[in-house]
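Naming follows writing order (A, B, C and D), and every chain is counted from residue 1.
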């Protein structure tokens, strides 16, 4: 008897748990809700590291996309943006990609934010015909090898960026002894490789550092003996800030130039006074004077737009433009994005057959950190 | 491989290594003391350090000091930041002990369980600064790198004649500060009554409790001391590097833990030796190759040392080896 | 929570299962296995609520299942090291990485190693080591790594071993990232081969879309490994490990070659980890060093400990929960790591012996608890 | 795999009085094969052992003959247990050597020495507390088993089974006839049988499935002996086996030691209790302060003035 009553208890518990779960489940599935437009009820996926050490490189672009969606005016369509945290880990990204691919209400994906997860998922999206627009994956091979139709990106790949940066270093700064540092990661290393290639003899020494490193004393002492007239760093803000501070502390006054990994309004805040005069190269034109993007962004999220925020805004805008245009299926979306041309925040947007923004559309700009803000300095040709 | 670079500037690189190692050593103290008394790797200790760096930022922000302030203001603000960081870190360490370890000790759980709750606490603390506080207060909390104003500006103090080595004020503060704090701690553990309790529990917990040493109090003391040292390390760190981030503790913690084991975990002086050796080894390796190999070198040094001295360089425990 | 647990305990399911006739247990086992194979298609309410793909922010159920099974394999392997032999290994991800990298290095036509072989041996552009050959290579590489790591370090005391293994895991990852001309460095290797199979609908049998096939493949391997792990546990090897854990010196004097058995535990754990990594790399068809951070090692240890160290079922449950829950509750997005940390602390404080401890460990724990309480009373 | 599950009674730990059922069964199966009796089995050849400045053993020299029961006595701290530790490979002597069957064993690892044929018990009992009594003994049996780790894993090493080993189930029987039975299975089975036999031999078979930590003290002592015997040692060393025993239990123990010798084992006993030592041993070696002070038959040793002096100086030890 006792036993059987216990059995019932368990059954009751299980049933209760089931109800709770089902409650969660139903609320979630209703998330899409009934929309005003019967046939324009879509989701746009956003895939990237929203938590973990690398989230700071991704979050601003996601916020940018959110801002674009918020500012979008369209009575006909109901569009939601669904964020998927991958922690930058391909292992976590593939289930997400398979899910998005399988859910027909997803009409496009912004991402992947990093090259690794993009490489691991692009064939999944290609199979399902989901259009991808990446805001920050720069690895050359993403569009140059194993091309898939659905992949597009708003950032030029490392080869071009590297050339532009090298040109800035030699032509604008007149540097003949450049010290090149990278962060040994998938973003910084290939970029620095291209810079090195283009610089040729103008590079005096190359050093590699680690992500998460804060003490750069060995690099600094190498700089001291190399006496460079410019320093290039391929990496992200977290390491650039202490590197810059230690350089200046050691009395190295050579101009400091970084890649687009440093481009973001939060750069000035992170590097502090040591970063005064540091140059960030970005394949993005200055945002038009009359644009309220920075102000809107700050109002919405409480912080200045960080790295790739404008690209995130642009990526979302492309999708939204497609919906405005009447794209209602994945095929139509793909077709629209392939042929899209328009003025974006970061650049004149268009995609070539590989999914890259055509060379001539990209203008490379050097931005100088003045009093904590990045001020456009000069346009550079790659 | 560039051995010339190493040997031509050996004094300079050694000094760099000592600077780096001093901070490792201070953080390593927390690991080593907790291990000495509880035979437990406190995985949340790296976050105790992280909390300290945020506290320094908080103090500077509240005081509103910035670079270029007067000497008195600089010294005052730095001392205040030091005390606040020590208090905050010690408080965090104590909270971790009360929440994550004490209930387990009461239940007599095996050491592996402490490891997991430690990792859990570490995640909670990291996410508190990366997510929770950002959610409630917005920036500067969050996942971005935050600048801490360099209240104390780097100046060249003097040049060592003969070797042409320029010594800056921050270097002096870091190295001297770390060594003074370690000496103070060493003296405290060896000379004071409370310190005797610590050593007694480290040596033989059962006998110590028979002799009237309150084990819980000793353990709390150990966490507080270790935390305070991490707080000191946090201040020195911000002086040198000027930044903080929600996950800044992870790598420092890993290095400090390695340093503690290298010197002989449970041994206070071992932490110093291990920290300095690790710092120097990393800088040498970064000079010969580049920084991407520094971590590999650190671990290889560790393995080699442990193969010849299985209990670390100075070996023994907090109790046995006269601290 | 505790009520559910009490009720569960009151049922004495384990005792009943142990008392049940052999054929009942066998049929039960077959049913469980059949259910596991059916899981990707589970769509009957209310059970379907365990699926991860119901909500708008969910992720693909079959892919998640595959990842769960891969982590289960790793957890079962690590359980041999931690649970059976009592050695704390914080660098398990190193073996996992080795497994993944060996299939990539030898199986991918675009890996520098294969390219070197192609030009050296005059083989075609498309040539690479076939997948079936990659399995023994992966197992052998991780096994050798296990022995190389274990032989000099197993004499160290527990916590020293922990940091050395942790360092090993980091060395593997950093080396993979830095040796650009062997491993392609940070860029990683794509084109990792998949198991051979018939083409269906113009796609290879094992492709990136149909994750359930991968799941079944991994599940089959998992079942095989569980079977072997049980064999080990209930043999002279399992007894030797237990004896070493309890009193290493006494065991040695009773003729147990402690070092040899510990090394075997390390090697077996390593090769199982390598196998898990191989499955992961092959499904992913892409391997990069950043997929093998230290945190994954901690996660593996947490799986073994949360489930109940020393119990294979515990390791399975731990791997399941720690992989499944974050995927099931994707709604919480950026809050998941925080919740994860809180959950780790809470679960361990409430149930320090693990969720399903082995009988033996549970008893050990009860004894320790009484001792701790007695000690507390004394003070 | 399920046949190994320990079925164990949860209510345990009661310190039931030690009642040893008189063991009348024939333990033919337990006897071991040994060489001719009377030959020197073990020789402690002028062994000196120093720890830093402390001399634990000073030029100790004696030997054990096959088939005898040798007593090793001496006051506390005389170096008796140290002597055991040197013999079983825990310590390596500073000078001199230990020879077993003519082979030098000093410096060899403990598990190797066990495989050569020396087993021991401990003064302070060191069982595997979380294993059942039976499992404890099986660990000892494993020392003589040939199954390798891979053998236990894949069970590919097949043996043609004898008629007795064949299973009853006809299907399994014919399979076993064709494919043989894995050596692992056979060894597991024989180890189990032998272990039970040993538990019976020492008289504690009634609690075979209980965790050893829950066994009463006397049972634990006997279990240690059974575990040591399971490794089939030519030489069995007992370190104060009667410590904490009452006179009746001591009588039983003396009987057990004799029966062990009858199985073919040579026995070396460390013991304080003079009555027991004098009653059971064939010969006695006396140590004091790490030096041998006397050797001879029990009667001779008992009369030796040096021994008497040594023991009078340490009256506590007469217990």
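Here is the rule we use: a residue touches a chain if its C-beta (ideal position, glycine included) is under 8 Å from a C-beta of that chain, and two chains touch if they have at least 3 such contacts.
Because the structure is predicted, anything quoted here is derived from the model rather than measured.
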Ask   = Looking at CA centres, what chain is most distant from subunit D?
value = A
For subunit B paired with subunit D, centre-to-centre distance based on mean C-alpha positions, whole Å = 51
Key: Approximate Å spacing (C-alpha centroids) for the pair subunit A, subunit D   = 71
Query = Can you give the whole-Å distance between the Cα centres of subunit A and subunit B?
reply = 34
Chain centre separation in whole Å, for subunit C relative to subunit A (CA means) = 32
Ask   = Residues of subunit A that touch two or more other chains: which are they?
value = 51-52, 55, 184, 208
Task = Find every residue in subunit C that makes contact with two or more other chains and list them.
result = 177-178, 334, 337, 364
Residues of subunit B engaged with two or more neighbouring chains = 127, 131, 292, 295
Note = Touching pairs here come out as A-B, A-C, B-C, C-D
Message = Under the definition above, what is the set of subunit B residues touching subunit C in their complex?
response = 35, 39, 41, 99-100, 103-113, 115-117, 119-124, 126-128, 131-132, 206, 209-210, 214-215, 254, 257-258, 261, 265, 292-293, 295-296, 298-300, 302-303, 306-307, 310-312
Touching residues (chain side subunit D, partner subunit C) in the complex = 1-2, 4-7, 88-90, 109-111, 114-115, 119-120, 122, 126-131, 135, 138-140, 142-145, 147, 149, 152-155, 184, 187-188, 191, 211, 213, 227-228, 231
Inquiry  = Applying the document's contact rule, which stretches of subunit A touch subunit B when the two form their complex?
reply    = 51-53, 55-56, 59, 184, 207-210, 212-219, 221-222, 225, 237-238, 241-242, 245-246, 249, 266, 269-274, 302-303, 306
Task = Would you mind writing out the residues of subunit B in touch with subunit A in their complex?
result = 5, 8-9, 12-13, 16-17, 19-20, 67, 127, 130-131, 138-139, 142-150, 154, 168, 170, 237, 240-243, 245, 247-248, 250-251, 283, 286-287, 290-292, 294-295
Ask   = Any idea which subunit A residues touch subunit C in the complex?
value = 2-3, 6-7, 9-10, 13, 18-19, 21-22, 24-25, 28-29, 31-32, 43, 50-52, 55, 80, 82-85, 88-91, 94-99, 101-103, 115-116, 119-120, 123-124, 127-128, 139, 141, 146, 184-186, 189-190, 208
